[in-house]
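The letters A, B, C, D and E name the chains in turn, as written, and every chain counts its residues from 1.
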Amino acid sequence: MIKKPTICLASLVAIVLLAACAAPAPTPVPPTVAPTIVAAPPPTPAMVSPTQAPIVAPTAAASRGGELRIATTTDAVTLHPYKRTDSASGGYIGRMFTGALWRYNPETLEPEPFIAKAWKVAADQKTITFTLNELKWSDGKPLTAFDYQWTFEQAMKPENKWPYRSDPEKNIVTYKALDDKTLEIAIKEAKPLPVLLDKVDLITPLPRHVWEKYDWNDPTKNPEIMQPTVVSGMYLLKEWKRDDHATFSRNDNYFRGSPNIETITYRIVPNTSVSLQMLLSGEVDQSAMSDNDFDKAKASDKLNLYEWDPAAASWDYIGFNLRRAPNNDVEFRHAISYAIPRDLIAQKIYNALRKPIYSIFPPTSWVYNPNVPKYEYNIETAKATLDKAGYKLDANGKRLGKDGKPLKLKLLHETPAPTREKTGLVMQEELGKLGIDVEIVPLEWGAFLNAVKKEPNDWDLDILAWSVGIEPSGIRDIWSEATIPDLNSVAYINKNLEALWDRGEKEFDQAKRKVIYQEIQQVISGDSPYVFLTYRSGWSFLNKRVSSNPVTRLGIAYDFQRWFITPGK
Amino acid sequence: MTASPFAAPRKISEGFYRESFKRFRRDRVSMIASIIFLFICLLSISAPLFTEFVLRTSPNKQDLLRDYEPPSPQHWGGTDGLGRDALARVIHAGQVSLGIGFAVAGLQLTIGVILGLIAGFYHGHVDDAINAIILTRGGIPTLYFLILLSVTFRGFVGTPWGLAIIFGLLGWTGVTRQVRGLVLSVKQRDFVDAARVTGARDARIMFRHILPNVMYIILIIAGFDIIGAMLGEAGLSYLGLGIQAPTASWGNMLSGSLDDFQKAPWLVFLPGIFISITVLCIFLITDGLRDAFDPRLKE
Amino acid sequence: MPANTPSPNNGTLLSIQNLHTWFELRKWGFGRAGYVRAVDGVNFDLGYGEAIAFVGESGCGKSTLAKTMLGIHRPTKGDVIFQGKKLNAFSSQEMQWYHSQVGYVQQDPYGALPPFMNVHRILSEPLLINKVADKDEREQRIRDVMTEVKMTPPDDFLQKFPHMLSGGQQQRVVIARSMIMRPKLIVADEPVSMLDASVRVEILMLLRALQQSHNLAVSYITHDLSTVRYFSERIFVMYAARIVETAPVDDLLREHLHPYTQALMLAIPDPDAKNALTLKEVPPGEPPSLINPPPGCRFHPRCPHVIKGLCDTQEPPAFEPRPKHFVECWLYK
Amino acid sequence: MDKPILNVENLYLHFRATKGIVQAVDDVSFDLQRNEAIVFLGESGCGKTTLAKAILRLLPRNVHKYTGKVYMDDTNLMELDDERFRREVRWVKMSMVPQAAMNSLNPVIRVGDQVAEPTEAHFGLKKEALAQAREVFQRVGVPVDFMSRYAFELSGGMRQRVAIAMALVTSPDVVILDEPTSALDVLTQANIMNVLKRIKKETETSFILITHDISTSSELADRVAGMYAGQIIELNDAEHFFSTPLHPYSQKLMASVPTLHQTKKLEFIPGQPPSLINLLPGCRFAPRCPSKFEKCAQDPPLIDMGERRKVKCWLYANGKEK
Amino acid sequence: MSGTSRYILRRLIQNILLLFVITVLSFAFMRLAPGGPESFIGADDPKMSPDLRSRIRAEYGLDDPIPVQYWNWLSHVLQGDFGRSFIDQRPVLDKIAERLPATITLNLATIFVGLFGIPIGILAAVKRGGLFDRFMAIFNSLGNSVPHWWLGLIILIFIAAPTGLLPLGGMYTIGKENDIMDRLWHLLLPATIAALGDWITLSRYLRSSILEVIRLDYIRTARAKGMNERVVLWRHAFRNALIPIVPFFVFSIAGLISGAVIYENTFSWPGIGRMAVQAAFQRDYPVVMALTIIGSFLTITGLIIVDIIYTLVDPRVKYT
C-alpha cells in the first residue's frame, strides 16, 4: 500500500476526479482497503456515530464468492506505486499491493502491527526494527525484507523520480534488511514512537524477483507497470480496459487470508448522474456520487448507508495572502472570519455532508482544542471589528482601506469545481455586506497554482483544502517559513509557532504533546491566516447485498477481505 | 432628391429584398418565431430591469436558507443551490449566450464574407492561399482543436469574449467557402463586367454589385452561426471547457445543473428550454428567410 | 500596319495589334494544365464613327476579343491602342477615363443589370464613379439618356427594378447606361440574340440611330450574319480565335472568299418554304478546341478545299485578293 | 385528305400563380397529317412550349384548367388515366425532343442507356433495346461508340442528335421538337436540320416543331401555326405563311426577320405581348395592331379560309383575304 | 496513371503539407501557453525538488532552442513516436491505438445509423406535403434545437435507467465481450444520438435536393419517355440528388471525429474522445497534440475517401 503523504493538496484529488466527468462534483473517494496510517491513536475510545445500516458482522458463515461492482467517474492512470499521484490509481494499487508494516487499529485507533509481526525501537529513539510475518507473493514466492530494501533503494534513486521522495530523503538514514524477516530502519533525529512510525513506513514492496528484470520507469519496457502480475495485496488485476472497466480477482496468497469476494469490477462512467442511476438500479453496488444525490440514495430501499466521524479529516479554507494589505492586519482577518457562514456553507453547499471546522484539526482528532476562537458568523461583529480596526465606510457604503481607497479583494479558486465556485460566491455576497468588493477569478488547476505561488502573488484570497492525517505533526510543513511559497502559499510566518512544532515532534510524552498541539491551534486560530470552513464527514452507500465491516472512525473499508456478498439478494 | 428640381413623385419600388421580406412577413410560422426570438432578445437586453421590476430580485442575490426551492409565485423559476432566483439568472445568462451567438456570427461573417469576396473575386493565388487556410482548418477536427486551445489558453477560452473570438476564428472558413462559391457564380454574371466597364474599381464591384446578391445567403448563414455558437458553447460547457463560472451562460447553467438532476429538475429544464426555444426560433426564421428569398419560388 | 487591316477613312480610334488573350488552365493547387487561346493573333483598326461587325460561332473568341478591347481581360500579348494610347500602360485613373470613353452592351440584358438596383441607381453609377458631382447635372443626364433610348417619360421607369421591365426595355436601359458618359465607342456583344424577333430590329435600329447621331464607333459582335448588313460597314469573320476574312459588308455578302465564310453563308436560311425541300451542304465536324488548335490553317480539318502539305502545316497569312477584302486562306495566295 | 394522325380540339392549359391564372394554352385546335411537319411559331412566353407539355401531359403541380380533346387513332388521349397514358402514349405514339439537350439528358447515365431506355421500358427487351439504340445512333449521325459516353462528354450538336435519337428510337407517330436547335451554332443547326429532314423523308413520322426561329423553321415546315398570347392566331401552309401571311401579327413578324440573301426594309412591332395573366377580352394583338378597329374589342373566332388555312382576325370576318 | 489516382496522389502530398502545418500549430501552442511548457510537466508541483525540476527540463529538452526542440519532436513523430504521456509515461501512440477501435466502431455505427436519413429524405420528398413529410419537418426542427448530448443524457436518466431497456453506457456488458448482440445493444443509443444531427441534416438536404432534381429537364424527359415513377425516381433522380449531398459527408466526417468527444463522454465510451477530454484536464499535452494530429489525419483521410466516392457517383468529376 502506498502512503499518503501527510499532507496533500486535497484539490489534487478533486482535479483528477473531475478530469473524467463532465458534471464535476467532489466525489467521495472510492474506499481504499487499507487505513490511512499517520500518527498515534487518541487515548479516547473511538466514537462511532450512529448508523442507519444494520451491521452484519462477518462470520465464519459468510458466503464466499460473488462480485463487487463499483461505478466511478475516474479511471486510474498508472498502476506503478511510485508514479501515481492521483487517488483513482491509488485505489487500484491499494487493491493489489500491501506494504503497511503497521496500521491503526480500527477500533482503538492505536498503532498495531500489520505486515510486521512486531517492532522494536532502539534506545536512541532513532532506529526501529520490524520483524515480518510469514508472507508470500501471489505467485507463491516468499515476500522478504529484501524486497522492502530493494524497493526502497529503487524508489530513492533520483532518476526514478518518485514524486514523494523528498520526505524520506530528509529523514531516513538507513533502510536495510538484516535477514528475510528483519527490516531495520533508522532516521536522523530521535522522535516519539508515533512520529517515528509515521516517518519510516513508506514503502510498498514490489516483487524484486519480477521487477529486477525490468526497467523501473518505462511502461513499454516493464509490463508490470500497467499490468502487475505478482502482487502482495488482496486482489490481482484480471483485466483493465481503460476508461471502460477494470476487473480484479482475489489473491489466495494474501497474508491475512483470501478475501470472500471473488471479483471486484470498477466501471468507469463519465458523470455522477449516470453512476447514481446505476447505483439506484442495482447495476452497481457502490458508486461515486455528488453530495446533492445523498438524499435520493438514502431514500432508496436497495442501499445501506454507512456514516462515521472520520479520524483523519480533509478540510477546506479561505487563505489570506499575507504579503499585502489589508490581509496583513490580523484585525481585518478576524473581521472577515466573522463574516463567513460556515454552517450554511456546510449545509447548503455540501448538503450537510460537511461540518464546520474552526481549527487545523477537526473535532475528531485527539489533539483537538475545543477552546480556539471560533469567529462564529455574525455580520454585525464583523462590521464592528472593521470599524474598530479603522476600516471606515465611505458615502457609497464601500469599506475603505487604510490608504483611503475602497477595498477590493481578488479571490482565486480552482475551476471547474462547483463547490469552490459556490463558496466563492457566498464569500462575495457576505463581504459585500461589509462593503468590500470581491472579484472572483476562477482558474484551471495549473494556472491556479501558478497564480497562487508565483510572483507577483497578485491575489488576496484563495480557496483550497488540506487532507490531514491522524498524527498531528505531519501538518507542520504548511506553516513553516521554509515552505513559502510552495506549501505555505499565504506566506504565514510565526517563529514562535515553528518552535512549538519542533517541540511537538520531540516530546515523548503523549499528554504533553497534546498540550503543545492545542497551543499551536490556539496560536494559528488567533493569527487567522486562514478562515477554516468545513471538514468532510464519512459516509458511504452500499447495495444491501454487500455486507461490510462494522463502521469505525476509519470507515468501513478496513479488513476488506471480510466483506461478503449475500447471494441472490 | 428632395432639393432637386427633378424631384418626381416617387413610385413605390419593389426591390428583391422588399419583395422577399413581404413574402417573409406573410409566413406565419416565421413571424411567430421572429416575435418570440425578439422577445427573448429584448428580455436578455433588459435583464437588469426585468429582474428588478418584474421578478423583484437580482440574479446574484443569495439566500442560502431558501436553496433549491421549486418554482413558486415568489421565484417563478425556482431557486438554485445558493438560493438565487433561477429565472433571473437564466435571463441574465441569455445576455452572455445570445451575446456570444451574435458576436460569433458577426466575427465569422466579417472575416468570412470579406475573405470569401476576395477569394471568389480575385481567384488566382489569393484564392489558393485562402483555400489552403480553409483546407487546413477543415482538416483539424474542431473539438480537438478547442481542447488543444483550452489546454494551452484555458483562461482565455473560458471567458465569453475569448470563446466568441475562438469560435469566430475557427468558424469563418465555412462562411468563406459558401460566399466564395456564390461570388464565383455571381462574378460570371454580366452586370459585373458591365460595372467594370463603367469604371468601377474592385472594391465597389465587390461591395456594391456582388455583395447584395449574396446578402440573403449571408443572413441565413448568420442564423446558423448563432445556433452553432450557442450549441457549441453548451457542448463545451458539458465537457467542462466552456464559459467558466461565475459568468453564467445557458450552456454552463445547463451542464452545471446536471448535478442537481435529482434535487432540482427545474434548474435543468429552465436553461434547456431557453436554449431550445431560441435555437428553434432562429432555425425557423432562417428557414422562412430561405423560402422567402429563394429566387426559384418567385414565379 | 498589320496586313489584314483596311485603314479607316476618318482617323483611327482604336487599334488592335497582334492581340492574344490566353487563359491559363489552372490545376488545383499548383501547376498549370495549359492555355485556352481565346484570342490568338488579331489585328484591326476601328475609325471614329465607324460601325464594324464581328461574326463567328460561339467559342470562336469574339466575346473575349470584346472584353479585351474593353479592358476587362488583359491581353497576353499584343496591344489595344485607344486614340494612340496603349491600354496596357494605363494607370487606374487612365483606365477609368478609358471606361468613360467606351460603352458595353451585352447579350443578356437582364444579366447585365444588377438586380438589386433600380434604373435610376443603375444610371447614376457611371456618373458617380466618374465623379459627376453635381446632382442636378446627373439627373439631367439621366433623363436625357432615357429620352434618347426612347424610354419616355423617364419617370415611369426610373424607380423600377430590372425584373419589372420587358427584355426590350432592359436592353434599352443597358444602352442608356453605356451611353450616359457620352462614349466614343460602343462594344455591343450579341445585343439582340436573347430578344424576340420583333424587338430585335427595334433595338438594332436604336443602336444604329445612336451611332449615326453621335458619330459613335460601334463594334457589333454577333453570330447572326443576317443582321449584320443592316448594321455595320465592315465585317470581320472570326474562326477559332482568329479573323479569317475581312471586307466591307456588301463586298463580303456578294463574294465570300474563305471556305468557312462560304459554309456559313450557305447554312443561314432566309425564311422560305423551299428550304424544306433540299438538304444543305455543311462542312463536317466542329470548331477545334482552343487549347490545342490544329496546326496550319485552323479550318483545314473541315475544309473542302484543303491543300495537303500546306494548309495543314503553315498558318495562312492575310491575303488581299480584292481591294479592302482580306482573307487568311492559302487559296488566295 | 387522310385522316389526321393527331387532332387537337379546344385544348386549354391554365395554371394558378400568385398573381392570378396564367392562360398559357387557351383554346388551341389543330390537326396533323401523317409525315407532316407543323411549326408552332411564336415569341417567348406565347405558350408554345406549354402546348407541347399539354399534349404530352407533362404537367406541373399548379394546374388550374386542363381540358380539350386530343385524338390519336380515334382515341381521346385526354380520357386515358395517367398510367395508361404513360404506357400507351408516351414514346409509343408520341415522343419529344426537349429544349436544351444538355439539361434533358441525365448527366450520370450513359447516353446509350438513356436512348435504349424507352424501348426497354415499353417493350421490356434489354438487348434489343441496345441494338435499336445503336441503329438509331447511326441514323442521326452519332458514332456508335459514343453510346458509352456521358452527356457532358459530347458537344452540343452531338447531344442534340442523341436527344433526337432518343425520340426516334421507339418509332413513334409524332415527334414533338421543342426548340431543337436554338442553342446551337449556325453550322450545327444546319446539320441537325439536315438530319431531321432526312428522317422525315425516310420515315412516316410527323413532326411538331416548336420554335421562335422563323428562318430555321422554314427548313422543316409543311405547315405553320402562328401563336400569340396562348392562342393560335394563324394556321397556314408554309408556302403562304412565309411569303404572304394572313394575320397582321404574322405579317409584322415576317417583316421583322432580317434576311441574308436579299435586302429588305426591316420593321418591328412596337409594344410588347400581353402578360398571360388576367387577359382582357378581345383580340390579344389588338393593342399593337396597326389595323385595329372597333370589332377587335371582341374575341375574334378562328376563321376558316379554306385549304386548311385559318386565321383569328376580324379582318377576315367575311372569309376573304384582305 | 489515371487522372483520379494522380489527383489522389496530389491530395496526399497536399495533406502531408497540411499535417505539417498542424504539427507546427500544435507545437507552437504549447510554447505559447501561459506558464510555458514546464507547466505541462508538473514542474510547478509544490513537492518537486529543484534538482528534479532541472532534471525534467533536461529530459524534455526544454533547454534546447525552440526550432531544435520542434525538429526533435517532429522527427520522432514522423517515426510514429508521439512521445510519452505526462501522466502515465506510456507511449502516446499505444494509448491512442488502444482507444481507436472503440471510436471507429462508434463512428462507423454512427455513419450507418446516419444513413437512415436517406430513406427518410426520399420518403419525405416523394410524399411531399404529406403526413410523414410534415411530421419529419417538425421532428427535424425540434431535434435540431436541443443539444443532442443533453437529449442522450435525459434518455439515459429518464428512460434507460428506470426501464433497464438500454444500457447506461459502455461498450459491452462486462464478461460478454464476444457477444455481438450485446455489443449492438450497447451501440444502439450512442450511435443513434450521435447520428441524430446527421440524420436530420441528411434527410433535409436530400429531400430538398430530390425536390430540386425532380423538376429538372432530364427528369421531365424521363417521365415523358413513359418510364414508371419508380424508375424515374431511382434511376434518374436519386443518383443526381446524391451528388450535391456529397459535400455534406465531408462535414459529417469532420463532425464525427469531433462528435466522438461529446458522445463518448455521454455514453462512457472508452474511445479517443474521452481520452482527449481527460488529457485536457490533466494537461497531458503530448496526448492532446497527438490526438489533434491523428484526428486531423483521420479527417483528411475521410475527406479523400469522400472525394473518391464523389468520382464514383458523378462521372463528370474527373480530377486532373
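Assume contacts are C-beta pairs under 8 Å (C-beta built on N, C-alpha and C of every residue); 3 or more make two chains touch, one makes a residue touch a chain.
Values in this document were obtained by computation on a predicted structure and should not be read as measured data.
A.B. asks: Go through the assembly and pull out the chains touching chain A as well as chain B.
C.D. replies: Common contact partners of chain A and chain B, which must touch each of the two, are E.
A.B. asks: Tell me, please, which chain's centre (mean of its C-alpha atoms) is farthest from the centre of chain B?
C.D. replies: D
A.B. asks: Measuring centre to centre with CA averages, how many angstrom lie between chain B and chain D?
C.D. replies: About 52 Å, centre to centre.
A.B. asks: What whole-number Å value describes the gap between the mean CA coordinates of chain C and chain D?
C.D. replies: Here chain C and chain D have centroids separated by 33 Å.
A.B. asks: Centroid from C-alpha atoms only, then distance chain B to chain E, rounded to Å. What do you get?
C.D. replies: 24
A.B. asks: Residues of chain A that touch two or more other chains: which are they?
C.D. replies: Residues 18, 22, 271, 273, 446-447 of chain A touch two or more partner chains.
A.B. asks: So which bits of chain C are touching at least two other chains?
C.D. replies: If we look for residues of chain C contacting two or more partner chains, we find 29.
A.B. asks: Applying the document's contact rule, which stretches of chain E touch chain D when the two form their complex?
C.D. replies: Interface residues on chain E, with respect to chain D: 216-218, 220-228, 231, 235-236, 239-240, 243, 313-316.
A.B. asks: Can you check the complex and tell me which residues of chain E touch chain B?
C.D. replies: Counting only chain E, the residues touching chain B are 14-15, 18-19, 21-22, 25-26, 29-30, 32-34, 141-142, 144-147, 149-150, 153, 157, 250, 254, 257-259, 261-262, 265, 273, 276-277, 279-281, 283, 285, 288-289, 291-292, 295-296, 298-300, 303.
A.B. asks: Quick one: which bits of chain C touch chain D in the complex? Just the residue numbers, please.
C.D. replies: The contact residues of chain C facing chain D are 57-58, 166, 168, 196-202, 204-205, 223-227, 229-230, 253, 263-273, 275-276, 279-280, 282-283, 286-287.
A.B. asks: Can you list the chain D residues touching chain E in their complex?
C.D. replies: The touching residues are 56, 58, 86-87, 89-92, 95-96, 98-100, 103-109, 117-118, 121-122, 150, 152, 166.
A.B. asks: Taking the complex as given, what residues does chain C use to touch chain B?
C.D. replies: Answer in residue numbers: 29, 67, 70-72, 92, 95-96, 99-100, 102-104, 106-108, 111-116, 118, 125-126, 129-130, 135-136, 139-140, 143, 155, 158-161, 163-164, 174, 177-178, 181.
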